[in-house]
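Heads up, the next two complexes both have subunit A, just with different partners, subunit B and then subunit C.
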Partner chain A sequence: MSQALSNRPGLDFSLTPHDIKRRRVNQLALRIIQIAAIIAIVPLIAIVFVIASKGLPHLNLSFLVNGPLERPTGIVNAIQGSLVMTFVAIVAAAPVGIAGGIYLNEYASRNVARVGELLIDVMLGIPSILAGLFIYFAIVPILGHSGWAGASALTVLMIPVVMRTTQEVLRLVPAGLREASLALGVPQWKTTVFVTCRTAISGIMTGVVLAISRGLGETAPLLLTSQSSNDTAINLGQPMNAMTVVIYQNAGSSDPQVVATAWTTALVLFALALILNVAVRFKTVNNRIF
Partner chain B sequence: MLEVPTYRRSRLSGELPFRILTLGSVLFSASVVVALVLVIMQKSQILWPVEAPLTFLTSSGWFGATDPSGVITAAFGAWPMIWGTLVTSLIGIAVAAPIGIFAAIYLVELAPKRIAALLTFLVEIVAAIPSVVVGLWALGELSPRLRDSIEWWIASSLGQFIPWLSEDPQQPSDTSVFRAGIVLAIMITPMVAAVSREVIRSVPQSLREGLVGMGATKWETIRLVILPTAKVGLFGAVLLAFGRAIGETIAVRLVIGMNITAVPTTLFQSGSSIAAQIAGAYGEASPIEKGALAGLGLSLFLLTMSLSLTVRLLMWRSANKMVARA
Partner chain C sequence: MESKTTSSSARAITNPSSGAVMNNDRKSVIAMQLTDVEAMYGSFRAVNKVSLEIQARSVTSFIGPSGCGKTTLLRTLNRMHETLPGATVKGSIEVNGVNLYGASIDPVRVRRSIGMVFQKPNPFPAMSIAQNVASGLRLSGMKANKQVAEIVEESLRKSALWDEVKDKLNEPGISLSGGQQQRLCIARAIAVEPEIVLMDEPCSALDPLATLKIEELISELKTRYTIVIVTHNMQQAARVSDTTAFFNMGADRGGFLVETGPTTKIFTNPTNKLTEDYIAGRFG
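Up next is the complex of A and B:
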């Protein structure tokens, strides 16, 4: 069959040298692309393995519940500090971010929405160290190095995360839902709260959880604002420790025991971040729209 | 005349407060940004009589003192830090851009569905690693290995001809500009890959089918159609990652060292970056030094803001809306 076809003029199916070259180039290029994908992922996997192998041997209950001055030493004050400051920050940032996202998507005119998007871009682009520097100059002189200062720095960083996510998920809510509600005579604000936001609630929560995990992972702004302390009492008016700060301060030590503390803290922090991310994944998979 | 029942009037009455509340949230966020700029500008005021802005940006040195009579003697230069920020970020993006974009092409165009899903999941998980943990790993594990392998190879081969690639004239230390760049590359590659993936995904399927229909190989489809179509979006992805690299503080601080008074003569020497310097020096800072830190912060803000505005403009110009997701 192919013999008969290729005998006819103009229908030659045999590979010319040019075709063979194209095939070789193709194979080579695809191999390079594959290798690039592997290179991209290897260091990250390596980090996870090193965290596990260096952190696990020292992880035990007393590490989680003891203070840094007790024997055996622990990081309970850092865990408390991270959680408390992140909690305060998200309590402040979530309402602002959600309400702002609602305004930009439901009420703002096209041009205002564009300016709002620009605002979110600029805010998201602010390096975390600048948020720290801002609070260091603006709030630390008044409240001193304190948990409040740390929480306000985190708030600045969390607001745009929540706002961007809220705006994006509200955009995905079908207009028909809003129209149906409005046609029944429901005022627009009730439509927004009880129909639009309710439909998008798991997407909005995703934004909140993203912001929480950003807060838990920040170091630089906390160095400038809440600094660190060995006190195990929860007092937002005083300097507070955070897990990230513990890792930073212990990382460069020449004492292997201190570096081990850094690794174990990193393991605890990573486990927390992982739980949050997986929780978000399951939430988002189980919802119809998002 | 229809009469509005009272219960309906009360239901409508929530409209205005709700609008005020939501608009207020937007305005509050805007005022935070404005306050951030103003406060940092105000704190930098003390510096400008001593160092003119242009000399501050282009000179070197980090010294300031106030003698008892109140006379300020100071020499502050941001150039070594600006140099360090730009060079480490450029090294980072030079490595991360090709690898990240290729990885994205692999995920969208080549990988079997299951592998793509697995890889995406893995990248999402490792993206949750805080930067201080990456810094810890880089300082303890990566840095010594890079020093004894890649850095040593480059220094002993290329370094003989190119001065800024030669060996550190002092004792090779735990920290170097080059290593900070590599750490940045590792940190921003997932970001480049994630944004590029969205961009490449948004290339219309019909374009691919057109090329396949003409007998193009996979690589020809990628080179002739996908990359040109996604060009603007990919550029946006790279710029976003560049902005992130410029602002990255802690991981860089741990591996770059604290050489703040002069521009390093080779890439394998310790240096500093704007963000790292702010994080490292605020502690025992005198008022004039705080002013200098504010000056550094201001230049960092201008750098990152011009980047994010460029990305937004690019996005508005091209129909490609995907970059915004990052």
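Up next is the complex of A and C:
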């Protein structure tokens, strides 16, 4: 019996030259994608390393709580300005973006949704300086170079981020859940808020955090709108400092002390963005729905 | 405005005992009267002129081959069909003398009285077991906490799930097994006290044991509710239903009602040759 089976070519399991070649190609391809993955991570590690090594020596409490005109000099007004303008911007952008995303995914007709998606994608791709330029012509003539103008520019950039993410995560909510809710006699708006959005809430929050990160990281639109200031008072009606603007203005200086300020500010900004992202990551992993 | 006489449609052969409405005899009360119901997806007619009566406090099953429109027809009964883009309904469905498709009728109110259990168990993933059962009550505005807790327990008992979940009411609904999830969905549907419960192939995603439990449950629920069940499983229709309606797909791919009658008659002595062939497994 076994004699007979072993004669069948389909049951010969010894390696052929083709098998050996395939194994080699397989190994080679695996190495290539491993190296690509390492290349992708190297800049990140390098950035963290350089920012930490250049920024840490000058980081101390007075740097965080003093104004730029005090001695020792500090960036408290830039931290305040970044946080205040980002906060104002997200307070405006999150409701608009979430509501817009809900409309596009839950209520709009297919054609409207398609056009809306296209417009958001275009908005997402707009270079941020154009948002600054727009506010420079639309708001600055009325409110002047001010925190309000800076926050407006950030809002313009944040809305499409929140809207697109909201729409994407709502699309992942199974249609069966909406049907189950409607079949219970729940009105559509309550189905949308308490079933659909509740199911997708962690994804929606991720979109909001992405938008906050974007707001904290923008430089160009702020140069045109909020400009910069040495004033440590929080006044949205006046020009405001931002961490990114401090980095931009100081990094090119010939005075090594000023350049050090840029590096240390970069470290503070990096740490803020990191904390924000990690906090949300933990929060969303714990409430994972999908 | 509504005539409660048996439909004159030649295809619809109704239960002889239901020809007249006897208000004091629950067994022969007509829960729903369908007259020339048509369901469209855009210009495609998925269901052709169905007229039939659904008996109160009993189980009516819709059987027929795939694509014959039985699920679509079921979804017209609580105005869920129209939630799909381009879907429309013609004809009338009268409950208690009122046409559900009348101009002044709010579909939300219709769905509150006519609940639905779906093919795939679909508990709300962001809610616990108790919250799932309470969801219909809370979201339709009934808030008193104590009352809700009582209704949750009662609904879970009615759906034969209480003993299995009473110690873990705060765990997520999706942590349960498939069969338990489906009973949870039944509990959720009956918690809002509907008159009629529609079931769309409720056991098709379940194993035989879970199926048996749901079937036992259906037999118990029919003492309180009118149940309409779509099933692909003819043995299931024979086991659980009192009345069976057999549908088929026409040459235009639209579904139509072939015949309806007491389940025992449909399965032993059908009037129509098509029904006989389908029951015997010669097609479908």
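We adopt the following convention: the second predicted complex is superposed on the first by the 252 of 290 C-alpha atoms of A that agree within 3 Å, B and C clash if a C-alpha of one lies under 4 Å from a C-alpha of the other, contacts with A are read in each partner's own complex, and residues count from 1 in each chain.
Everything that follows uses one rule, which is that a contact is a pair of C-beta atoms (placed from the backbone, for glycine too) under 8 Å apart; a residue touches a chain by one contact, two chains touch by 3 or more.
These numbers were taken from a predicted model, which means no experiment stands behind them.
S.K.: Look at where subunit B and subunit C land on subunit A after superposing the complexes, then choose clash or fit.
M.R.: When both complexes are placed onto subunit A, subunit B and subunit C end up side by side without any clash.
S.K.: Residues of subunit A touched by subunit B versus by subunit C: which partner has the larger set?
M.R.: Tallying touched residues of subunit A, the top partner is B.
S.K.: Classify the contacts of A:P43 with the two partner chains as first (subunit B alone), second (subunit C alone), both, or neither.
M.R.: first
S.K.: Contact-wise, after the overlay, does A:F282 reach subunit B, subunit C, both or neither (first, second, both, neither)?
M.R.: Neither partner.
S.K.: Tell me which partner A:L182 touches in the superposition: subunit B (first), subunit C (second), both or neither.
M.R.: The second partner, subunit C, only.
S.K.: Which of the two partners, first being subunit B and second being subunit C, lies in contact with A:P174: first, second, both, or neither?
M.R.: It touches subunit C, and subunit B stays clear.
S.K.: Considering only touches as defined above, state whether A:A266 meets subunit B (first), subunit C (second), both or neither.
M.R.: first
S.K.: Tell me the contact category for A:V195 with respect to subunit B and subunit C: first, second, both or neither.
M.R.: The second partner, subunit C, only.
S.K.: In the superposed arrangement, which partner chain does A:L104 touch: subunit B (first), subunit C (second), both, or neither?
M.R.: first
S.K.: Going by the contact rule set out at the top, does A:L133 touch subunit B (first), subunit C (second), both, or neither?
M.R.: first
S.K.: Looking at subunit B versus subunit C in the superposed three-chain picture, what is their shortest Cα distance in Å?
M.R.: So the smallest C-alpha to C-alpha spacing between these two chains is 5 Å.
S.K.: In the superposed view, which residues of subunit A touch subunit B and also subunit C?
M.R.: 185, 187, 190
S.K.: In the complex, go through subunit C and note every residue touching subunit A.
M.R.: Where subunit C meets subunit A, its residues are 78, 80, 83, 85, 108-113, 115-116, 118, 120, 122-127, 135-136, 139-140, 185, 188-189, 192.
S.K.: Of all residues in subunit A, which touch subunit C in the complex?
M.R.: Subunit A reaches subunit C through residues 109-110, 174, 176-177, 179-187, 190-191, 194-195, 198-199, 201, 289.
S.K.: Using the touch definition from the top, list the residues of subunit B that touch subunit A in their complex.
M.R.: Checking each residue of subunit B against subunit A gives 8, 11-12, 14-15, 18-19, 21-26, 28-30, 32-33, 35-36, 39-40, 42-43, 98-100, 102-103, 105-107, 110-111, 119, 122-126, 128-137, 139-142, 186, 189-190, 193, 217-220, 222-223, 243, 246-250, 253-254, 275, 278-279, 282, 290, 293-294, 297, 300-301, 304-305, 307-309, 311-312, 316, 324-325.
S.K.: What residues of subunit A sit close enough to touch subunit B in their complex?
M.R.: Going by the criterion above, the answer is residues 22-23, 25-26, 29-30, 32-34, 36-37, 39-41, 43-48, 50-51, 95-100, 102-104, 106-108, 114, 116-134, 136-138, 156, 159-160, 163, 168, 185, 187-190, 192-193, 213, 216-220, 223-224, 244, 247-248, 251-252, 259, 262-263, 266, 269-270, 273-274, 276-277, 281.
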